[in-house]
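All chains are identified by letter, namely A, B, C, D, E and F, in their written order; residue positions are counted from 1 within each chain.
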Amino acid sequence: MKYIDEFRDGALAKHIAERIAAEVKPDHHYRFMEFCGGHTHAISRYGVLELLPPNVRMIHGPGCPVCVLPIGRVDLAIELALQHDVILCTYGDTLRVPASGGLSLTKAKARGGDIRMVYSAGDALQMARDNPEKQVVFFAIGFETTTPPTALVIRDAAREGLKNFSVMCSHVLTPPAIRAILDGGRPRAGPPPAGSAPSGGSDPCEAGERGGHGSHETAEIEGFVGPAHVSVVIGSDPYAKFAQEYQKPVVIAGFEPLDVLQAILMLVRQVNEGRAEVENEFTRAVTPHGNLNAQAVMDDVFELRGAFEWRGLGTMPHSALQIREKYREYDAEARFNLGYRSVPDNKACECGAILRGVKEPRDCKIFGTVCTPENPIGSCMVSSEGACAAHYTYGRFRDIPVVAATEGAEA
Amino acid sequence: MRVDHDNPPPNPPNQASTVKKTYTRPLDIRHGRIDMGHGAGGKAAAQLIEELFLPALDNPFLRQGDDGAALPLPTLANGAGQLVMATDGHVVSPIFFPGGDLGCLAVHGTVNDVVMMGAQPLYLSASFIIEEGYPLADLQRIVQSLGAAAREAGVPVVTGDTKVVEKGKGDGVFISTTGVGLLAPGVSVSGKNARAGDVILVSGTIGDHGVAVLSQRESLAFETTIESDTAALHTLVAELMAAAPGAVRVLRDPTRGGLATTLNEIARQSGVGMRLQEAAIPVKPQVDAACELLGLDPLYVANEGKLIAIVAPEAAEAALAALRAHPLGAGAARIGEVTTDPHHFVQMDTRFGGRRVVDWLSGEQLPRIC
Amino acid sequence: MCLAIPALLVEKRAHDQALVELGGIRKPISIALVPEANVGDYVIVHVGHAIGLLDPEEAQKTLALFAEMQSRTAEVQP
Amino acid sequence: MRVDHDNPPPNPPNQASTVKKTYTRPLDIRHGRIDMGHGAGGKAAAQLIEELFLPALDNPFLRQGDDGAALPLPTLANGAGQLVMATDGHVVSPIFFPGGDLGCLAVHGTVNDVVMMGAQPLYLSASFIIEEGYPLADLQRIVQSLGAAAREAGVPVVTGDTKVVEKGKGDGVFISTTGVGLLAPGVSVSGKNARAGDVILVSGTIGDHGVAVLSQRESLAFETTIESDTAALHTLVAELMAAAPGAVRVLRDPTRGGLATTLNEIARQSGVGMRLQEAAIPVKPQVDAACELLGLDPLYVANEGKLIAIVAPEAAEAALAALRAHPLGAGAARIGEVTTDPHHFVQMDTRFGGRRVVDWLSGEQLPRIC
Amino acid sequence: MKYIDEFRDGALAKHIAERIAAEVKPDHHYRFMEFCGGHTHAISRYGVLELLPPNVRMIHGPGCPVCVLPIGRVDLAIELALQHDVILCTYGDTLRVPASGGLSLTKAKARGGDIRMVYSAGDALQMARDNPEKQVVFFAIGFETTTPPTALVIRDAAREGLKNFSVMCSHVLTPPAIRAILDGGRPRAGPPPAGSAPSGGSDPCEAGERGGHGSHETAEIEGFVGPAHVSVVIGSDPYAKFAQEYQKPVVIAGFEPLDVLQAILMLVRQVNEGRAEVENEFTRAVTPHGNLNAQAVMDDVFELRGAFEWRGLGTMPHSALQIREKYREYDAEARFNLGYRSVPDNKACECGAILRGVKEPRDCKIFGTVCTPENPIGSCMVSSEGACAAHYTYGRFRDIPVVAATEGAEA
Amino acid sequence: MCLAIPALLVEKRAHDQALVELGGIRKPISIALVPEANVGDYVIVHVGHAIGLLDPEEAQKTLALFAEMQSRTAEVQP
């Protein structure tokens, strides 16, 4: 696959890894966050961590729209399906997200809800055209990448004057989430001096021990691997203010594993050189301004929501989108008069601390026992892109020394 | 060799392994329902099998855990004898009915087909097709009933399969079972073997199963104490064969289509006619009454624990006595004879003193108003 | 997040629809968000929509950078 | 004796019999559809079996016409050997897909389970559950495909059953097949038998079947030339066993849940770990592309004509050569080794140079957007 | 079962049969029609013909509402189910009645029509209450026996103001059908002289040969076994005019086989004695005036239809009921604007002649070959109460000499 | 036609409903058409409705007639 396979080349990976190994300062502990689940996925699936030196640590960020979807929103979708008797269309990703009362959309479907997986927002619109006697609701989730197609179907429904189609908009915005991560801890006065050893107070282990669940401390993340496909839509410009304001380097990177490795190398270099800039590794798809067409249709249909709850991060102002008044008819929340009710996460869950890089999955008491991908308790276990699920599904072997018979034979 | 730990663990590595043994939360059988995940072949499917199916069907063959079962084959002298194989899909609605349920029916229906070949049933397989949303508690009841029936019949369910279909693409649970049995050398029991002059026996009252099931249909709902006759007939047949060695020509369980259709099948297969005596055919009064009410004929109503035996005339008395001596054959009766008839008509002398054809079931037997 | 892949636009159709190819398979998508895309372009496909164009020159540059690293590593190591 | 003719016939009785031989209008296979009558066990059911099923599945055992089949049992020396039994329900949607259909799948899926026990498949049973309204023409295509696949595999369908469920309570056609086979003495092939150091082979590219089926789902529709790999693997296994006598520890067809889930099953069953090499796992480019597009992992996509063989290391080369020499194993590859691991992890060295766990499938594998 | 079993007693049957045998005049050929399918059923199922002397012949009348239901009405019901997307409720009896284009309600159901068998009209009404979003149509068939329950549900629906329930009324009336049978042949001046031999012209064989399909000749039916349960509702009085006008004896009889035998005996006596009266064998359930409650509710809801087609008998004026104007809302024909289209029967079908007693089933060229209960071509093969189906299902053995091995052995 | 059977009314219920018994089975029916029916009466049941009452005396008379015939036959025959 052109423009895919080239960016998964193991031979090249080795060379970039060697460069990283060559360039890291042995006495410095590098802590970077890949914001996006897409990067987490690449890191896990391709085993990228194996190629990093021990003193480069990747923290898995909250950039998975499924993981941050709060229980209360899934409850609303279930309410629509079970009580308002609508055809609820949704992407496959949301089907297994746990809701209240042991439910999920999959389980609501088993209880009789007419819930259909769609591959595209357009399929939901078509569903409405094909079932004029039923109300069809598209339960829309996603970051800026996924929002424009939703905007398109709302606009098209309005043009056609469809009376049986609406959208439960749960689209969220990337920049406010990044800001929340950065604001989570003590504001920093300036960048760490280049090459300086981390202060005792910023030692992640100690921070993890001190910071309780829901605390507002943050681990010292030294840089961000920035979103790939979100940036295709919004461009690289919006990140500039973070880099400046928080003095953190950001490298926008593609979702292929070589992109990630290269971004890490670029972050190492910025840290080493004391820079805090926005760099773009993903120039093949990301421009400074992004996709203006997509931005226009989003702007036509959506406006900022006052506040929105993010699972694991809490309620954040202006962090999500809602349907504009002029398209109110297509807003399922208005049409069905839905009232949002926030549902607290399980007390044992350490997701908040994990998303902030303060803790790791294995620090959670119920990781891998009560909380598993079959039975996700916290947001990080919901999608395979969540920090806990990724570690469980792809990385668990890292917690044990493996004794491979063949290796033994070779030894 | 690569490093196994690339980052210093935040907790001191005070133990060799920090991985936790996977703990699976047990199935919530009381409130849970089947969802598509249970049919995807992954962990949920494995859990369903381990926690629900295996305990209910418990036997060492099934626990082999492979996609099939390796089974001892009882050897007969000189390797003689034949294998018998029979299969049935079970789709009863409602799934639970007076006297039984889908689970035990799935055992009886197939074991009886093996037994009706004159064979000793040895093993069963069971393939479940479950509709999304089906309550786990009900599924457990079915599987437990199936397991109990299999144990009672001495025929273990040695291998199985589970599929889940989307809601609206199934009807609760369907079970297809296949039975394997061993036929002793020299035994030939077949629908082809009826000869003019043979005697037709039935092992008890007819129509009980069908009426018990109908009584539960919402649209027909009537109160009855009739229960399904569902039962495995292997011991009954063993007694019968012992009492009339070599004289049992045909065995058949009159299930779908009832006594009438089954006799017509045999008549056609053997190229004979039959003459029945209505007065001799045992029917419970409540079955009669339900049929009157709904415009049905008990001769066409399904049975699940009865058999028709066609035996040589000289052995008829012994055969009937053997049936009657067994609890499952206490109501056995001689109901007619095999005749020569190129048209393969099954005829009946009515209790009223007349005569009529007893034809194949045509279409479905539906409640009538006229 | 945001599973999206570059695919070759092989046919433009009415109503902002187009056919893309990837590794030998073909799929109809919408190009309503990238109306300027033309046959022969690589588009970034997400949930059945092209959300952006892939710039082949930039891709080449990035790959060249990787290759350069390879030679640099080769240079440093032995 | 009663009179047979009570009234003078209006036509002169110039012949001994005026009854007409029943002429059944042949099934209108082109335009007809299954209705509830076809499942009622009466004449319509008999006609369906005679005109549609029997010709397609033609073999003398099925034509016995009883509710089961009496079958010759190949004798092994001293009556040794074991019986093998396996069953599978088949519920594929769509029913017709590139490279196959429900009919041949129902044969291959079950024959392969018998074969994966190291046994020689002998007989099949087939239980059909058909939804009211299903076109007879499509049913005939399915049954003919099933018959052809059975003949090709040399495994006759010796007994069957047909049920009809109401529209909306099924999904076209479901077929549960059960296979019976004979296991030669001394052969032990089981998921329990893997040992650390054994070599893991796969007989060809993975994911073809699942991708071929997905490509036909309306909501995902994409164009591909990928066809299902559905095939009976008995000859392939025969060659393999001959080439590596006594060295084949485990055989398993990675169907639902794909390669990843099947290997996890074996790892757990044998109490071992595994280490795979991603670069060695054969995947067709189009399968890879379809998985990219839908957010799937080919390791979890179903196969219907592939096998995993775990063999003793010393026989690995011979085994691989034997697989490759067979048309159904031309793409065979050595993909990993069995390890000692109390956690029964299946791990994989990635093509990229990393390592990861390859876990059980969790839930259903659904197309993703993120 | 009380009041049932007593009337099926084989011992008593023998005695009545012996009385009939003793009382018939050996040189007279008695030809009686049992109008009702219920009597046909009793005769067939209990083998009553075996008990009659050879010179008493029973002609099976058209009294089966399923048999006389014309193809065009079933077509309308199918149209409702397949094109108007209603839930069509109907009694089990109508499901297999052949319609145009090889269809039937059973086959229309297989093609996706939502067709539900009900046991009672009340179940159809309940279906409407339970499915407020769907139109529910009750396809009502039957004679006067079955009409009052239909009237009740229409009245109840109106009282409840149900908006989604209507009835496709195909109720027909017994007296006009009897009249049609009687009018089918040359009007007779008076009763045949008691004990007179039938004239050559009235020989059924010759009449059968002369009378073509659809001809208006009739065989000389000498008396009628009158309806049982229809008469429970309408009483015995309505038959008086037939007896008088046409000088034909009528004996109203129950549907048990002893009732039928007794009625035949009573008819034989009337013929022998030259009487043409209405006699009531079924006094345990039939009064002169019938069920006045039932008549009142029928009269409230229904009125005479101008004309109605009876399958096998053709269109007859005032032979059926339609829903009165005041209940028009519940009339499916009005609500769905259904236009009736008559569909001719198969040319080969001899039903008309058979229903008039001119021919017998085995005279039909396609009886038992092309036309069977699985594949009914004409009305008489549709229900097991039809003349052809009854003969096929119960009486075929009568067409062949049976050689029973056991009988042979006994001989 | 018009399958109808006599059944014993064993319980009257609200809204013209009643329970009848026949040969040991019981079924709810409507007595809206025979509101005068009482517990102990035999009603003629058709499509879930009582359409009339059975008159036990008349039934007895009819049976007596049959019985009489039996004696008459017996008288004539031997």
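Rule of thumb we're sticking to: a residue touches a chain if its C-beta (ideal position, glycine included) is under 8 Å from a C-beta of that chain, and two chains touch if they have at least 3 such contacts.
Quick caveat, the model's predicted, so the values are computed rather than measured.
Visitor: Along touching chains only, what is the step distance from subunit A to subunit E?
Guide: 2
Visitor: What chain is the most remote from subunit F, judged by the mean position of CA atoms in each chain?
Guide: With centres defined by C-alpha atoms, farthest from subunit F sits C.
Visitor: Which pair wins on C-beta contacts, A-C or D-E?
Guide: Here the pair linked by more C-beta pairs in contact is A-C.
Visitor: Which integer distance in Å separates the CA centroid of subunit A from that of subunit F?
Guide: 76
Visitor: Could you please state the distance in Å, as a whole number, between where the Cα atoms of subunit E are centred and where those of subunit F are centred?
Guide: 22
Visitor: When the centre of a chain is set as the mean of its C-alpha atoms, what distance in Å lies between subunit A and subunit D?
Guide: 40
Visitor: Which positions in subunit A touch two or more other chains at once?
Guide: In subunit A, residues 1, 4, 9, 37-38, 49-50, 64-65, 91, 96, 106, 119, 123, 142, 146, 372, 374, 385, 396-397, 400, 402, 407 touch at least two other chains, as defined above.
Visitor: For subunit C, give me the residues that contact two or more of the other chains.
Guide: Residue numbers touching two or more other chains: 1-3, 5, 22-23, 46-47.
Visitor: Please set out, as single numbers or ranges, the residues of subunit D touching at least two other chains.
Guide: Those would be 2, 19, 21, 36-37, 43-44, 285, 288-289, 292, 295, 343, 355, 362-364, 368-370.
Visitor: Pairwise, which chains touch?
Guide: Inter-chain contacts occur between A-B, A-C, A-D, B-D, B-E, B-F, C-D, D-E, E-F.
Visitor: Please give the residue numbers of subunit A that touch subunit C in the complex, ascending.
Guide: 1-4, 6-7, 9, 11-12, 15-16, 18-19, 22, 36-38, 63-65, 91, 119-123, 142-143, 145-146, 148-149, 152, 227-230, 232-233, 255, 258, 262, 281, 283-286, 290-291, 293-294, 297, 385
Visitor: Which positions of subunit B touch subunit D when the two form their complex?
Guide: 2, 17, 19, 21, 36-37, 39-46, 64-73, 75-76, 79, 81-91, 93, 113-114, 116-117, 119, 122-123, 125-129, 158-163, 165-166, 168-171, 174, 176, 178-181, 183, 188, 190-192, 252-253, 255-257, 261, 265, 269, 300, 302, 343, 355, 360-365
Visitor: Going by the contact rule at the top, pick out the subunit E residues touching subunit D in the complex.
Guide: Touching subunit D from subunit E are residues 29, 49-50, 52-57, 96, 102, 106-107, 109-112, 204-205, 208, 359-360, 362-363, 367-370, 372, 374-375, 396-402.
Visitor: Show which residues of subunit C lie in contact with subunit A when the two form their complex.
Guide: 1-6, 8, 22-23, 30, 32-35, 42, 44, 46-49, 51-56, 58-59, 61-63, 65-67, 69-70, 72-74, 76-77
Visitor: Inside the complex, what are the residues of subunit A that reach subunit D?
Guide: Answer in residue numbers: 1, 4, 8-10, 13-14, 17, 37-38, 44-51, 64-66, 91-93, 95-96, 106, 117-119, 123, 142, 146, 257, 372-374, 383, 385, 392-397, 400, 402-409.
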